[in-house]
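Two complexes, one shared chain (subunit A), two partners (subunit B, subunit C).
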Partner chain A sequence: MNQGNDQNPNQSPNKESNSFPLLPPLEDSLSHIETVLGKSTDLVIRRFAIYKTRCAVLYIDGLVDKNTIQNFIMEALMLEMPHKRVSVKELYHTIKQASLPIGELTEFTDYEALFKRLLSGETILLIDKEKKALAASTRGWRDRGVQESTSESVIRGPKEAFTETLRTNTALLRRKIKDPKLRIESKAIGEVTRTDVAVVYLQDVAEDNIVKEVHRRLDKIEIDGILESGYIEEYIQDAQYSPFPTVYYSEKPDAIAGGLLEGRVAIITDGTPDVLLVPALFVNFFQSSEDYYQRADISTFLRILRLVCFNIALFMPSLYIAFTTFHQEMIPAPLLISLAAQREGVPFPAFIEALLMELTFEILREAGVRLPKPVGSAVSIVGALVLGQSAVQAGLVSPAMVIVVALTAISSFVFPAYNIAIPIRMLRFLFMILAATFGLYGIILALIAMVLHLCSLKSFGVPYMSPFAPIQPKDQKDVLIRFPHWGLFSRPSSLTKKNEKRTNPSSKEN
Partner chain B sequence: MDNQTISARQYMFLVIFFIIGSSILIVPTPLAAQGKQDAWMSVILSILFGVVLVMFLNKIGSLSSGKTFVQAAIFVFGNWAGRLFCIFYLSFLYILASLVLRNIGDFMTTQIIPETPLQFTHTLFLLVIIGGTYLGIEAIARSSEIFMPWMVILLIFLTISMMPQINVDQLKPILGNGVLPVINSSSIVIGTPLLEMAALLMIFPYVKEERKAKHAWILGTIIGGGVLFLITTLCLLVLGSDLTALNAYPTYRIGQKINIAGFLEGLEIIIAIIWMLTIFFKLIILYYATSVGIAQFLTMKDHRPLLLPLGMGMVVLSIIAYPDVAYFETFVGEVWLSYSLTHGLILPAILMIGLLIKKRVSGS
Partner chain C sequence: MKTYNFPFRKLLLILICLLLLTGCWNSRELDELGIVVTLGIDKTDEGDYILSVQVINPSEIATDAPTSRPPVSTYTTTGRTLMEAFRRLTAKNPRTTYLSQLRLVILGKTVAEEGVMPVLDLLYRDHEFRTSFYVTVAKNAPVESMLSIITPYEKIPANKIMSSIENVERHWAATKGVSIDKVIASIRNPGEDPVMSGILLLGEEDIGTNISNVENVDAPTKLEIDEIGVFKGDKLVGWLNELESQGLNYATGNVHSTVITHPCQDEGSLSVELLRTSGAMKGKIKNNQPVIDIKVEAEGNVGEVDCKVDLSKPEALEKVNKQAEKAIKESIEATLAKAQKEYGSDVFGFGGVIHRDQPKYWKKVEKEWSSYYQDVEVNIDATVKIRRKGNSTQPINKES
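Presenting the complex of A and B:
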């Protein structure tokens, strides 16, 4: 842009330029920092002296808690330090050992650490002619606070959801699991964003090789920025070319804590409330944390209902096409007559009719997500009345088709995990095309192909379809049927072989 | 080849599917034609033979110690003689696979989608087969575990809903024609599918525990034979031996007879689904065996490049294999037994003798 750039390089802090030790003269050090940060206006440098030894406190405005800095750093250093001549080394040690009433104080010696800590909200203390520097944890920024979950609502059970702040999220998990074996291991991913990512697991429960594999995959990621856990998901998932999710995510601490107790590993990303959980099996997406809070019988019923809905959402339109186009003789006569009467006057073949309605629904759905709340009700009126009723009255589609599409649509909202509905939405169209060309034959072949694909998937070494394939008789207690809690005697054997026993069945009354 | 392994349970499921697949379609008609009302007895007779046959095949499996049929043959008879030997075996598998493909194609074009040309039906089916074979034996075996419960549920539902149609008099007089027709007609089930089980020698080495695998093979044969017995008996009980013999697809015919509360009818689709599932597994096992066998024959590291060309050939072969169903029925009745006996019994027997001699020589 202009030639001033040469003296004031606007470069981002990166490893190559900053991995050299601190410059002992204070002013040299400060000018280097200012150069690297490009005189950003949110950088605050407070220069002061402790009996003639010059010092500086640096922090980024907005990322820090100013009260802490005022009360425990500035006051301690400027008012309470003894006013007598001491050597720089001695001064440094006094400050480090005695003077700063701050919980988390770290020592570092190079600029890479300085920038990392400064930019993540710590306060840096530099002392003239000293090679070491101190960083005090003074993080404190505005966040949303723990609120009720909006995307995963429950009737019974905790309502709280994760927030955008990593530390709050780990605290939410710690509050649920007060075991010393709960491990939280952090790393920073993203060359530019340096996003904090925490790997959380229970050491005595999770398999070591799964934890190791999670770390290996996370360490492999080379990217400029991580803004959401979806970035990480796409890097660590097993099946890159599958519509089916092999990583589970949730924003509810109780769902993640439940996963940790089963031997899974959670990955918390700073900046997003969605926490990843691996390994994720196919059946996990049909299980809600609420299943474990309600009575066992209704949970079992709901789980079977969800599986039925999975099939309805996937097959209903294609079966309608296949039966009305190819296999009329298989429809009972009274139903066939009623269907034929409805379809009379409809100008399109069943496939076009279904495709039109399904596409309309997908459009409405996407519009409903994007539209501002006050306009949302308008969309539902347009969707229900104008498109539904009027399309039938205008003779564009048959009433039966509207019922089919409506049932399909409602069924695809039943699942507790949003991302399992995505492959259904996409595969539905493939199934419809096959139904229109090959009838039932095409549908069954597509089903077989889908099952083959599902059976070939793995999530962090665990077969995706387990405990159905390979069959694990012991694990069937918590898949379709949820046994009462005293019957859930062991952890899922496909996930972990360690510390299997969960409960003593005889501890129940009667 | 692949480092994949399957469990004994998965192997058993594959054996069950292998036995039911396609024979459930084509066996009841000739059985009823020859055995009349006693055809169900001949199924039991052939299951007994099947158990003995499996013991014999198990012996080969353990003698070849982790080698597939093709590898064992080359190991025993050397590079040239062994390969010549394998040509017979592999061509048997390939032709058998094409015939199985044609079975489902014939059924689909005559009963379910009459307007779709045969080659498209075959191509679509083979595409799924190729996809499955590409994924490997693990995925195939696992999906057999997914589908097995469904098949069991459908079979139970079918049997129960057939109950009102059953007429026990159809089985009388028991042994009215003497024992000879029973023994004669048992050769049908022996020819297809029991002798075809030699193909499973290509899969057997992938099973994790050999001892358990042997039990699984025997148990699978008995269960699969049991289902054949159930279906044949149902046909006889519902339709009677004459109608069974006249119908091209008697099992499909009995499905059409189901009527629950006057509303739930047309449930023959359940039978069609069972057939498609079982035939799918039979064909995919044969296809896998053929492609892996040819890959080992050519000492290729990976069987995957062979899948597409083999499939192209198979679509053509399955269509030119026989002109019409009547020809096929004569072929199954007169030629098939001796053909499958040669490749399903005599070839393995030669291999076993070779293995025994080889073991004796290398042991001393």
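Presenting the complex of A and C:
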């Protein structure tokens, strides 16, 4: 329940007028604060006096844990303070050194720090005629709590997912990696939202220049607000106009911890459970954290299966178009006869037919995501029964085309990372257009272009297609084939050269 | 912007060239194609080509609810060249003829006897033809009639003939399926002459063209694979019978499996099933004359015993071996008598064997090989080993 944020007052992106010193008279200060906040109703100001010195406690209702304020601030200041005349300086020091039983207490002197702390859930103590003020960490707000991951489900392995609160998320990582070298470095991005962003890495594993590059790219961001890690992803990704993602994200702490152990750098954004992981290689999007929990043989099989599905999802409709309209001689005779029989009476060319069905599927898919759950089943009934079956019965599309589209659709759901399906969904149409105009020839041309493009990509200095291009024989142990854990002897050499050894292979039984 | 523009424009130009300067491409929807499975080619008395095509009707073949329409349709037309005939066909056939799925070519008797090379030119030259279809000869009926027969069981007659040829070749070894590239290669090769399967039409043609033909359990009109037609050069010169066809296949190593039946000592007969057979030919020179050694090795099982013979005795088995060897030898000799002595057609490819084994000698005789061929001495050596006798060593009707 009690959450908090890392704060670093020196790194504020806000360079506005609030950085002047606190005004000594308390009432002036308070009225200034009220003016700046526009008399917001959630601002609570409690005025009181310690002997005859006027003081005020300020906090934002809803962002603070009221019990803490009640028990450790109000009681301490109002009941337990000695009632004798002391100077303001002395009083301030007594409070700071002895009176407040609060873990995190910071001193500040200007309004910029005041607003920042106040608005992130700290409680501010102002003392009349004192230029310094105190902020006590009393953050505590309602949040979702650690729940099971909804977008990345697994059969074996931890089910917990990150939450919207940054501090919970860093704690989830700390619980997995209890090494003192785990570094969590924070900064605030967004001039209005001042979103806390944490860069997490293992200092003796991650390459320094990658960490430095992450910081450099994050510091470069100038934006009013960061509401989700997607904002950051679009600023720091390498290839801005490529459909292929060069930043990996996951909401599972075990997946991110696995990435940290391989020398990657995680970027946690406050307010979203999706944590970014860089550098991201093409193969990462085909690897699930579950691959490491299940036996090596089935993991290998599943990885190859996913790659096959990648090809099905990308090429199946275009290959169908190319074969049936250009290269009929390449289809075995019985299959050709069956396909030809199905196409009898279909009024559209194969390309239009495929385009119609693919678009229909994309519409259904989008509708399924947007619709509230109780209505969702209606969409699947309309989609599967009405559109699929009736379209065939009405002779608008051929049954073979429905099979092709269905297989394509199912294949595009196989990938553990949702964002690798996005280039597939878009490029599929490009391939279909080329297949309809130039046949296999067009597909091959586009494929060559796509592979060239993939090989030209880099993610934070690491070639996107490694360890295939450039080939790294040592790294093949964990790409298509997953070796048993005792065989994963070194960290991926394309990601890090530090602290290479991961395991002692002879420590296994026999 | 300027610096990027130039290489990009170059790249675009290359891409456009790549896309536009390609060879044969054309998009055709499946439902615009008339998929041809059989071609029939013959000649009229005036010397024009008669072209028959058998086009499948896909919705009749792959359907849940067949109607009474036939699964294939046949169109016939004539022309001075085959190309012309093909184009004239468009007047009759509503769809473009699509020839890549061609399974079978049936040549008429007239064309086969006058020479098949001019006919094969189009089939080999045109890009749309695959080279995997079988070339056969219509033995006893006009090609158009053969193409009009509706066959039972297999909806597409071409498939029926093709799989029959393959089955006969695999289990009976009495025919030889030859594809067009093999035919052309052996016509062009001076040391070999081509062969082709023959096709027989059994029964009345008028009944066979009607769908009611297949409504009978025993269809009155059928197509049957006959034995092998022998060519000299590109002209049909005669036919081998069943035994001689098998002999040809033994010698050329084309027997996968077959059955040898020979009479027993007293009465009844015994059948041996050959399972693994290999045939090899070697060329030698003796007294400046070419000699061919044919070596056939076979392994088999005793398949059926209709007589009183005790196979548990090694002598009896040895006798069966010898009998089978004799049968193989006899069939090869029969083939030699027909093809070598009577027709003078080098269906075995003896010339090729000499070319391979005695290249220097071949250089001398290559030009007049056909005159040497008929005098080639042939030695036949056959070995048969019976491996298994089946589940019983004694005939079931043996009186104990």
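Note that in this section the second predicted complex is superposed on the first by the 495 of 510 C-alpha atoms of A that agree within 3 Å, B and C clash if a C-alpha of one lies under 4 Å from a C-alpha of the other, contacts with A are read in each partner's own complex, and residues count from 1 in each chain.
In the analysis below, a contact is a pair of C-beta atoms (placed from the backbone, for glycine too) under 8 Å apart; a residue touches a chain by one contact, two chains touch by 3 or more.
Note that the structure is predicted; figures quoted are calculated from it, not measured.
**Student:** Once the structures are superposed on A, label A:Val346 by its partner contacts, choosing first (subunit B), second (subunit C), both or neither.
**Tutor:** second
**Student:** Is A:Ser456 touching the first partner subunit B, the second partner subunit C, both, or neither of them?
**Tutor:** In the superposed model, A:Ser456 contacts subunit B only, not subunit C.
**Student:** Scan A:Ile471 for contacts with subunit B and subunit C and give back first, second, both or neither.
**Tutor:** Touch status of A:Ile471: first partner only.
**Student:** One more residue to check, A:Ala384. First (subunit B), second (subunit C), both or neither?
**Tutor:** A:Ala384 sits against neither subunit B nor subunit C.
**Student:** Which partner chains sit in contact with A:Leu445 here, subunit B, subunit C, both or neither? Use first/second/both/neither.
**Tutor:** both
**Student:** Output check: A:Ser338 vs subunit B and subunit C. Expected answer is one of first, second, both, neither. What do you get?
**Tutor:** second
**Student:** Quick check for you: in the superposed arrangement, does A:Ala436 touch first (subunit B), second (subunit C), both or neither?
**Tutor:** Once the two structures are laid over each other on A, A:Ala436 reaches subunit C alone.
**Student:** Considering only touches as defined above, state whether A:Glu329 meets subunit B (first), subunit C (second), both or neither.
**Tutor:** both
**Student:** Take the contacts of subunit A with subunit B and those with subunit C, and give the residues found in both.
**Tutor:** 326, 329, 438-439, 441-442, 445
**Student:** Give every residue of subunit B touching subunit A within the complex, in rising order.
**Tutor:** Its residues touching subunit A are 7, 9-10, 108, 112-113, 116, 120-121, 124-125, 128, 131-132, 135-136, 138-140, 142-147, 263-266, 268-269, 272-273, 276-277, 280.
**Student:** Which positions of subunit C touch subunit A when the two form their complex?
**Tutor:** Touch residues, subunit C against subunit A: 15, 18-19, 22, 25-31, 33, 35, 37, 56, 58-59, 61-63, 98, 100-101, 103, 128, 130, 156, 159.
**Student:** How about subunit A: which of its residues touch subunit C in the complex?
**Tutor:** Against subunit C, subunit A makes touches at 324-326, 328-329, 333, 336-346, 349-350, 436-439, 441-442, 445.
**Student:** Contact residues on subunit A for subunit B in the complex?
**Tutor:** Touch residues, subunit A against subunit B: 326-327, 329-332, 334, 438-442, 444-445, 448-449, 451-456, 463, 465, 468-471.
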